[in-house]
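See the structures that follow.
Shared between the two complexes below is chain A, which pairs with chain B and chain C, respectively.
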Partner chain A sequence: MTYLISKENINALLTSLLAAKTVYAPKKDAEETVLFGKLGSAAEWHGASLLTHTTAKDKVYLQSESLFKIKKGKDGVQIEEPAEPEEIVIFGCRPCDARGFDVINKLFNWSNFVDEYYTKRMEKTTVITISCEKPESTCFCTSFAKGGPVNETGSDLLLTPQKDGNYFAEAVSEKGKKVVSENSKLFSEAPVNALQEKADFKTAAETKIVKKLDLAAIKKLMEPAFEAAYWDTVHLPCVKCGACTYVCPTCYCFDITEKAFDNLNSERVRNWDTCMSEIFTRMAGGVNPRTDTKKRFRQRFMHKFNYHVDNFKEELCTGCGRCIKACPVSIDIRKVIEGIK
Partner chain B sequence: MDKELQELIKKLLTEKKAEWAVGYEKSYDEFSTSPAFVNDPAAAGRLLFNKYCINNLGSYLNKLKKNKVAVVCKGCDIATVFELIREKQFKRENVTIIGVACEGVVDKRTGKLLEKCENCAVKQPVGADFTLGTAKNSPKPKSFEDVALFEKKSSKEKAEFWERQFEKCIRCYACRNVCPVCYCPDCFAQRSMPEYLSKHVEAGENKLFHMVRMQHVFGRCTDCKACDTACPVNIPLSLLTKKLAKDAKELFNYESGADTDARPPLSTYDEGDSESDIM
Partner chain C sequence: MTNIYKPHIAKVVEIKVETGDIKSFKFQFVDPAAQKAFTWKAGQFLILNIFGVGEAVFTFANPQTRNEYIECSIRKVGLVSEAIHELEVGDSVGIRGPYGNWFPFEKWHGKNLLYVAGGVGLAALRSPIEFALDNKQDFKNITILYGARSPLDLCYKDKFSDWETIKDTQMILTADKGSEGWKHKVGFVPAVLKEVHPSPKDTVAIICGPPIMIKFVLKELLDLGFTPEQIVTTLEMKMKCGLGKCGRCNVKHLYICKDGPVFTYAELKDLPDEY
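Coming up: the complex of A and B.
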C-alpha cells in the first residue's frame, strides 16, 4: 500500500498520533545529544532523519524492566504485576533501527518461547521510519541481506523523502495500514513517479556508504579463527566498557537482579548486561569462563557474526555503526571482522 | 612529526628499550584515531600524531605494567603517567615517555577544540624522555571560570541540571574504564555481595555511581577529560573533574600529576587543612 503525504501533513499526522499515544522521536538536547525522547507537540520534531546516539531499542526492551514487585504485609507476601504497557509510536527512526526490532523479535520469540515483557510492548509499538538520506562514515547497512537506507524491514510505515519535500509513504504492516486508515485525510495517492524517485533516493544514499562487507565469507573464517593469534593483539585498545553493546539496536543480553527498598518491599528487575563486563560470565562460586579481556572482546564479534547466524540465519547487527561512533577508542567493528584470516 | 615518531619507536623496539610501544593510528575516517599497540619494529609505520589523537594513552600503562613500554604522550597525558608512578602502579624506569608537541586536540563528536586545550601550559611537553616537535604554550593559566559560574547557581538549578544529565546515563562505564586512575580490579559499582550500587539504571542510581567515582578520584584525577570525551551520551563530566581540580588547588594547593613524590591531600593530615569540604 503506497501513498503520498505532504510535509505539512506530517505535522498533522504527529498531532493526531500524539492525541492517542506516546510518541518518541529523535530530540536534541543542550549537549547536542540526540536521543529518542517523548514528543510534547508536533513542533518539537526536528524534521530530519537524525542518527541518534542511542537506539530506539530502549523504548521496547527497557534498560531496566520491573518484572514484579514483592510486598510483605500482615497477610503474607503479595506479588504485584507490572502495569500493562502503553501504546507508543517510534517516529523518525532510521531503517537500521527499525530492522533492529525485526532481529530481536525473533530472539524474544524463539521457537516455543515467548518473552512476554518484550512481546507485549512490541505489540503496542508502531514504528514509523524515515529513509536514511545521510549515511555516515560509520554506516554499513548495505552489507546485510535485508539492510539498506530505504529498506522497510521492521517498519510499520516507511516514509521516503521526495525532492519536493513531500514523503512517499509505504504501509508495510497491519499497524502501518491502521495509521494510514485512521488518518486517511492526510494521505493521498502516490504519484506515478514515486517509485522511480525512491530508487533515485536509494542510489544517492547508497553511494555515501563507503564500506560493504562480504559477511558470508567472513562467517566461514570465524569458527576456524577462534584460537587465532589475531585475537591476542586486536583487543588491546579495547577498554571493556559497555558503550558498544548499550548503543546497539540488536544486543539483547540481560541480567536479573533483586532490588530491596526496605525490609518489606522489593522488586525483581531485568537490566541490560554487556558481554564486555568481567562479571557478565562470573558464576555463583566465582568460576568465570571469560576472565580474560581477549575472550570477552572475541565473544562480541563471534556472537554477532557467527553464533547468531547459526541460530537465526542472519547477523546480530544492522550496520548502524553506532558502536564505532560510541567507542571511546574508535574501535571499528568492520575492521575487526575483516581482519580475521 | 610522524616520520620522526615512527623512526624513534622503531629504534626503541629494535634496541629492546621497550617491548611494547603505545601510540596512535588512523581509525575509520580522517577525524578519528585509535590507540595502537606495536611490538614489531616493522609495524611502527602505522603510527601517527594529529589533532584527533584525543585518547590518554597513559591509561594503558596499567595493563602493560609487567612490560617495558614506550608511550606517546601529549603534555597533559604526562601528568597521568606521573600520577600513576606516584601511586606506584609501575616503575618510572619501565616507561619511556615520548612527548609530542600538541596544538590542542579536537573532539570527534563535535569537531571542536577541547576546553582543556584553550589555556594549555604544556603544549610543549615537560618531563618526557624524548620530545618531538615544538609548540608555544598558552600565556594564560588554566581558567576555572566555568566552574565558578556553575558554583554560583542555586542548589535547585544544580540539582536539575545533574538530574537531566544522569537520566541520560546508560551506565556503560566508559567514563570509568577510560579513566587512568580508575584501575581498581573490583569496582564498587560491580560488587554484588554486598551490592553497593543497584544494577537498576535510573537517574538516582546513576548519580550515586558518578558521585562516588568522583570522590574516589579526588586529588588523583588530572582533569584529562578522558571520561568526558568517552561518554556516548555527552554527559559533561568535565565540569565535575574540573571542580575536583579547582578544589584540590584552592583548598589544598595541590595539583595531581605534578610531582611523583607528593602525598595527595586526602591521604595526609595537616592542622592547617581547609575544612570547607566537610559538609
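Coming up: the complex of A and C.
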C-alpha cells in the first residue's frame, strides 16, 4: 500500500501518534547528542541527523530489564511478573536500525523458545522509518542482501523523501496500514511518478555509499582462517571497552543477574552484555575458554559474519557503521573482515 | 506465551555430604502436578535459582527413571554454589529446564557401555549410568571406571554396591593416591584404563572429568581402537539462559546449551579449541 504524506502533515502525524502512544524519535539531549528519546511534542523530533548516537534497539530489547520480582515470605516464594508492555512507536529510525529488529527477532524466537519479554514488546512496537538521503562514509548497508538506504525490512511504514519535500509512504505491514487508516486524512494517493522518484532517490543514495563488501566471499575466507596469524595482530589496538557491542543494532548477548534488596525481596534482571569482556565466558572456578583479547575479538567477527550466517542465513550486522564511529581506537569492522587471510 | 525464564518453586528435601567440597541435594517441586509433568533425559541440565543470589547451571544427577525428586551434586566453586552449600532442608529454590540434548541411548541398544569418570565428573555420568542400569535389558556389559585424587574425593560411595549387584556390571575404582584400607586400584584414570584394556567391539565409551583427564583418556581410547564416533562426552561452558539466546556458550555455529552438552569426540574434533 503506497501513499503520499506532505511535509506539513508529518508533524500532524507525529502529534496524532503522540496523543495515543509513547513515541520515541531522534531527539537532542541536554548535551546536544541525538538519541532516540521520548517525544513530548512533534517539535522535539530532530530529523536532520542521519544516525542517532545509539540505536533504537533499547526501546524493545531493554538494556536492563526486570524479568520478575521475588518475594520470600511465610507462605513460600512468590514470583511477580512485570506488567504487560505498552504500545510504542519508534519514529524516524533508519533502514539499518529497522532491519536490526528483523535480525534479532529471529534469535529471540528460535529453538522452540520464545522470549516473551522481547517478543511482546516487539508486537506492541510500530516502526516508522525514513529512507536515507545522505549516507555517511561509515555506512555499508548495501553490502547486505536485505540492506540499503530505502530498504523496508523491519519497518511497518517506510517514508522516502521526495524532491518537493513530501514523503512517499509505503505501509509494509498490518501495523503500518493501521497507522495510515487511523490517520487517513493526513495521507493522500501516491502520485504516478512516485515509484520512479523512489528509484532515483535510491540510486543517488547508494552512490554515496563508498564501501560494498562481498560478504559471501569473506565468509568463505573466514571459515579456514580461525587459526590464521592475522588475528595475532589485528586485535592489538582493541581496548576491550565494548562500545562496539553497545551501539550495535544486532548485538543481543545478555547476562542474567539478581538484584537483592533485602533478605526477602529481590529481582531477577537481564542486562545487555558484551563478548569483549573477560568474564563473559569465565566459569565458576576460573576456567575460561576465551582468556585473551585475540580470542574474544575473533569471536565477535566470526560470530557476526560466519557462525550467525550458518544458523540464520544472514549476517549479524546491518552495516549502520556505528561501531566504526564509537571505537576509541578507530577499529573499522569493514577493514577487519576484509583483511582476513 | 509462557515465560521461559520463570522457575518452578521447589524445596530441599535431603542434603548429603559427598566429599569435602561436594554436596548432593534432593529437590521436590511445591506443586506435585508440576513435579510429575517435569521430565528429562539423562545428559540434560537444569538451571537452579537461589532466590536473592542468582542462577547457575547443573546437571541432573538422577535419571528420568527415578524422577520422584530432582537431584544435583554440587561442588562449591562460585557465588551460587556457595549459597547452595548454605541451604538447609525445607529451604525454597527455583528450578527451570530441562535444557540441552541427551545421551542417545536409543542408538546404543545391544552395546557394551564403558563409563570413565574423574572426580566430580561422576555427577554428570550418574544419571546416564543409572538410566542404563534401570534399562539393563537393553545393553550388554556395563563397566564403570571411576577415579579421584584420594579415596575421600570419591562421590556416590554409597551407590557403588547397588550398581555392582546388577548383572554384567563391573565397577573399577582408583585413587591417584591410596590410603590405609584402600583395597582398590592406585593410579591415574588413563593408566588404569590402559591396564583394564577394554575392547572397542560393540562398545560406547562415555567420559566425563577434568580436562587433563579427558585428554589422556581420549588418547588411551583411540590407542585401544575406539573410533571418535564411539566416544561420547559432555561439555561445560558458561551459560546464562540455557535457551540459545544469551550468546555465552557459542562455539562455531553451535550453542552448547541447545546443541549440546552431549557430543561425540567426532563432533568435537571439528570445533575450534574454545571449550
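In this section, the second predicted complex is superposed on the first by the 332 of 341 C-alpha atoms of A that agree within 3 Å, B and C clash if a C-alpha of one lies under 4 Å from a C-alpha of the other, contacts with A are read in each partner's own complex, and residues count from 1 in each chain.
Definition applied: a residue touches a chain if its C-beta (ideal position, glycine included) is under 8 Å from a C-beta of that chain, and two chains touch if they have at least 3 such contacts.
Because the structure is predicted, anything quoted here is derived from the model rather than measured.
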Chain C versus chain B on the shared chain A, clash or fit after superposition
fit
Partner chain(s) touched by A:127 [first = chain B, second = chain C, both, neither]
neither
In the superposed arrangement, which partner chain does A:63 touch: chain B (first), chain C (second), both, or neither?
first
Between chain B and chain C, as viewed from the CA centre of chain A after superposition, lies an angle in degrees, nearest 10, of 90
Looking at the overlay, does A:253 come into contact with chain B only (first), chain C only (second), both, or neither?
second
Now for A:239: first (chain B), second (chain C), both, or neither, which partner does it touch?
first
Thinking of the overlay built on chain A, is A:311 touched by chain B (first), by chain C (second), by both, or by neither?
second
A:283 contacts which: chain B (first), chain C (second), both, neither?
second
After the superposition, pull out the minimum Cα separation from chain B to chain C in whole angstrom, please.
6
Which chain A residues contact chain B in one complex and chain C in the other?
255, 257, 273
Considering the complex alone, what residue numbers of chain B touch chain A?
27-29, 32-37, 39, 55, 59-60, 63, 108-110, 164-165, 168, 170-174, 176-178, 190, 192, 195, 198-202, 226, 229-230, 232-236
Residue numbers of chain A touching chain C in their complex, please.
67-68, 70, 72, 76-77, 79, 81, 107-108, 110-111, 113-117, 119-120, 226-227, 252-258, 260, 263, 266, 268, 270, 273, 275, 280-285, 287-290, 295, 299, 303, 306-308, 310-311
Name, in rising order, each residue of chain A that touches chain B in their complex.
29, 31-33, 35, 53-54, 63-64, 137-138, 233, 236-237, 239-243, 245-247, 255, 257, 259, 269, 271-274, 277-279, 324-326, 328-332, 334-335
Chain C to chain A touching residues, read off their complex
1-7, 9, 30, 49, 51-56, 75, 77-81, 92, 94, 211, 236-238, 240-241, 243-248, 250-253, 255, 258, 272, 274-275
